[in-house]
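When the chains are written out, they are named A, B and C in that same order, and each has its own residue count from 1.
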Amino acid sequence: MEAILTQFFNVEIMVKALPLVLQGLGITLLICVVVIPLGLVGGLLAALAAVSRNRAVRWSAIALVDLFRAVPPLVLLIFIYAGLPFAGLSLSPFAAVAIGFFLNNSAYFAEIFRAGLLSVHKGQAEAARSTGLTQNQTLIHVVLPQATRNVLPDLMSNVVEVIKLTSLASVVSLGEMLHAAGLVRSLTYNASPLVLAAGIYLAMLWPLVRLISRFERRIAS
Amino acid sequence: MTQAAQEAVAPPTLVVRGLRKSFGSEEVLQGIDLTVARRELVFVLGPSGSGKSTMLRCCNRLEEPDAGEITLEGDPVTGPKVDVNQLRRRMGMVFQAFNLYPHLSALSNVTLALRKVRGLPRPEAEAMGLTALDRVGLKAKAASYPAHLSGGQQQRVAIARALALEPSVMLFDEPTSALDPELVGDVLAVMQDMKAQGMTMLVVSHEMKFARDAADRVIFMDAGRIVEQGTPEQIFETPHHERTQTFLARFSGRG
Amino acid sequence: MEAFLDTFFNGAVLARYAPSILQGVWVTVLLSVLIVVSGIVGGAALACLRAYRIRPLSALIVIYADMFRALPPLVLILLVFFGLPNLGILLSSSTVLYLILTLVLAAFAEEIVWAGITAVPKGQWEASRSTGLGFTQTLIWVILPQAVRLVIPPLTNRAIAITKMTALGMVIGVPDILGQATTAQSFSANASPLMLAAIAYVLLFLPLVIFSRWLETRFAAPGV
């Protein structure tokens, strides 16, 4: 018991680690702010392509989405960060993370948006067009709002996944929260900094996870 | 002893004494007394919200009674020491919404309780299941899944599911209310056939014609009480109570 | 073009490291299968326990499921891999990866299967209980089969997402596909092993992704 307290919940070490971990948290949030909007926009565009009436556009969008859903994000990240330099393309860790996560997140968000678009009844678009709205107006004012509302829990739960995913950036030495905590752990040979980071992740994500569960139950009933 | 003499001394199939049940502050059953004799078909009538379904559901304790006493062939149904699962096996129930298991074939719907409650080996259970399906005219549909059966067929499978357990009494909770009008006849025909074979039945329904043709006794319930009871002729031709009269007047021209 | 091929599809490097990456494929496959089986069985068992509605037990299950859904798996992996030895508990990197991903999948599976259990209509419980089946018998024979059928698409998606996380094992030295490839890459100073790894993942997971897409359209059909 004593050992668990000193090895995992060592307040002294946590206090020492706090400034660095908080600095890491700042970078974690920065990644989120860049990567989540990118993924949402990329996903929406890919989803629109995936429900296109043009067969070539539709199938190439679906193929790309499936390809990036099949590759583990860490593999993609390491390929971009450690593989591309051999081809003369060196990227900063942040750029590698942004590109890798953009490709990965867009694929997942695309799948969600696509389900949302397909869930909107065809009559909705027909009704809008019959009142003289253009195709784009119909999409923006009639179809997309309903599509988004129908898949809101899934979108939120993917946002949680993206926030969790930012921890992978530690592998390419981007100094986000997990990287910072890991650094202090390796200096102190004590796991408490990791527990501190875990605590911060929990504080950020637990409310979201609860909210999603409640949301899903309300939609199911 | 002759069979008739045996029946004379045997206790009535179902006895309900002083049954009370409240949901929140609303007392939906305010002291029900009811006896169903062996081979009798008792038909329960009444406006919606009168407590008919709740009374039925209390009989096999899908709803837990607040007060009162229920016995099945002399055995207590209520009380802490009762093995409710063994008792339920002896009381078949048919629901308004059929409630067939969608993931099981018609035959497996019928045999599940035979195997899991009565502990019969599969071949024996299936033989009994096929007999039960045959009684409701659906032996040919044994392998079909509920999604591929009409509403009337689903309800007949549900009846077979209850029948297969060889219950002492069958409880029917508005068995035809969820059916399209043209499918009602088949279900009522099966029920009439069961009556002819001597099944004891307690039926909550709005099918007046069936009540006239098949019921031994009709009970009229309103606001959690039994208001009036008698033979179908008495209730339908010369109802005494004012509430029975208004209720029947609204239903005349139907059923 | 030649430079591109030399960098990403270098024949000599590929020939040299293909065997070790193939070994990595077996590690990935084995870990994935073990994680999927134990994670889903564990999650379904927890969802069933929750059906008994014993308050303290349900609360514990919900807290567990929430925590393992909220925490990044890599945090848990590092915490256990680097933390437990300080308590004198030594686990191999593969064991740590298996344990954590199983716990994470079980947490998600519990929530998904529980949603399925609550989505089965009340009439199914009543019909089953009216024929004399007990609570546990009803849960096992009537409710659970329907619940699992309802949630096969989200369960499949989640299982695929978490088996892909076996790649995280590379960080603690699991000799899976990515682990073997990064080792090979640093020895060979060439990107071909990473390319080979990416291709191996696509070959492994693309069929599963396409399968889950097919499942979704199939199970979305009415009346199933």
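Assume contacts are C-beta pairs under 8 Å (C-beta built on N, C-alpha and C of every residue); 3 or more make two chains touch, one makes a residue touch a chain.
In this text the structure is predicted, and so the values were computed from the model without any measurement.
Colleague: Suppose chain centres are the mean of their C-alpha atoms. Which chain sits farthest from chain A?
Modeller: B
Colleague: Of the pairs B-C and A-C, which shows more C-beta pairs in contact?
Modeller: More C-beta contacts join the chains of A-C.
Colleague: State which chain is most central when centres are taken as means of Cα atoms.
Modeller: Smallest centre-to-centre distance to the global C-alpha mean: chain C.
Colleague: Could you state the distance in Å from the CA-based centre of chain A to that of chain B?
Modeller: The separation of the two C-alpha centroids amounts to 55 Å.
Colleague: How many Å are there between the centre of chain B and the centre of chain C, using C-alpha atoms for each centre?
Modeller: 48
Colleague: Distance from the CA centroid of chain A to that of chain C, rounded to the nearest Å?
Modeller: 18
Colleague: Which positions in chain B are in touch with at least two other chains?
Modeller: Residues of chain B never touch two or more of the other chains.
Colleague: Among the residues of chain C, pick out those that touch two or more other chains and give their numbers.
Modeller: none
Colleague: Give the list of chain C residues in touch with chain B in this complex.
Modeller: The touching residues are 121, 123-124, 126-134, 137, 141-142, 145-146, 149, 223-224.
Colleague: Which stretch or stretches of chain C touch chain A in the complex?
Modeller: Interface residues on chain C, with respect to chain A: 3-4, 7-8, 66-67, 69-76, 78-79, 82-83, 86-88, 111, 115, 118-119, 161, 164-168, 170-171, 177-178, 182, 185, 189-191, 194-195, 197-198, 201-202, 204-206, 208-210, 213, 216.
Colleague: Which residues of chain B touch chain C in the complex?
Modeller: Listed in rising order, the residues of chain B that touch chain C are 60, 62, 85-89, 91-93, 95, 97, 99-103, 112-113, 116-117, 147, 158, 161-162, 165.
Colleague: Touching chain C in the complex: which residues of chain A?
Modeller: The contact residues of chain A facing chain C are 3-4, 7-8, 66-67, 69-76, 78-79, 82-84, 86-87, 115, 160-161, 164-168, 170-171, 178, 182, 185, 189-191, 194-195, 197-198, 201-202, 205-206, 208-210, 213, 216-217, 220.
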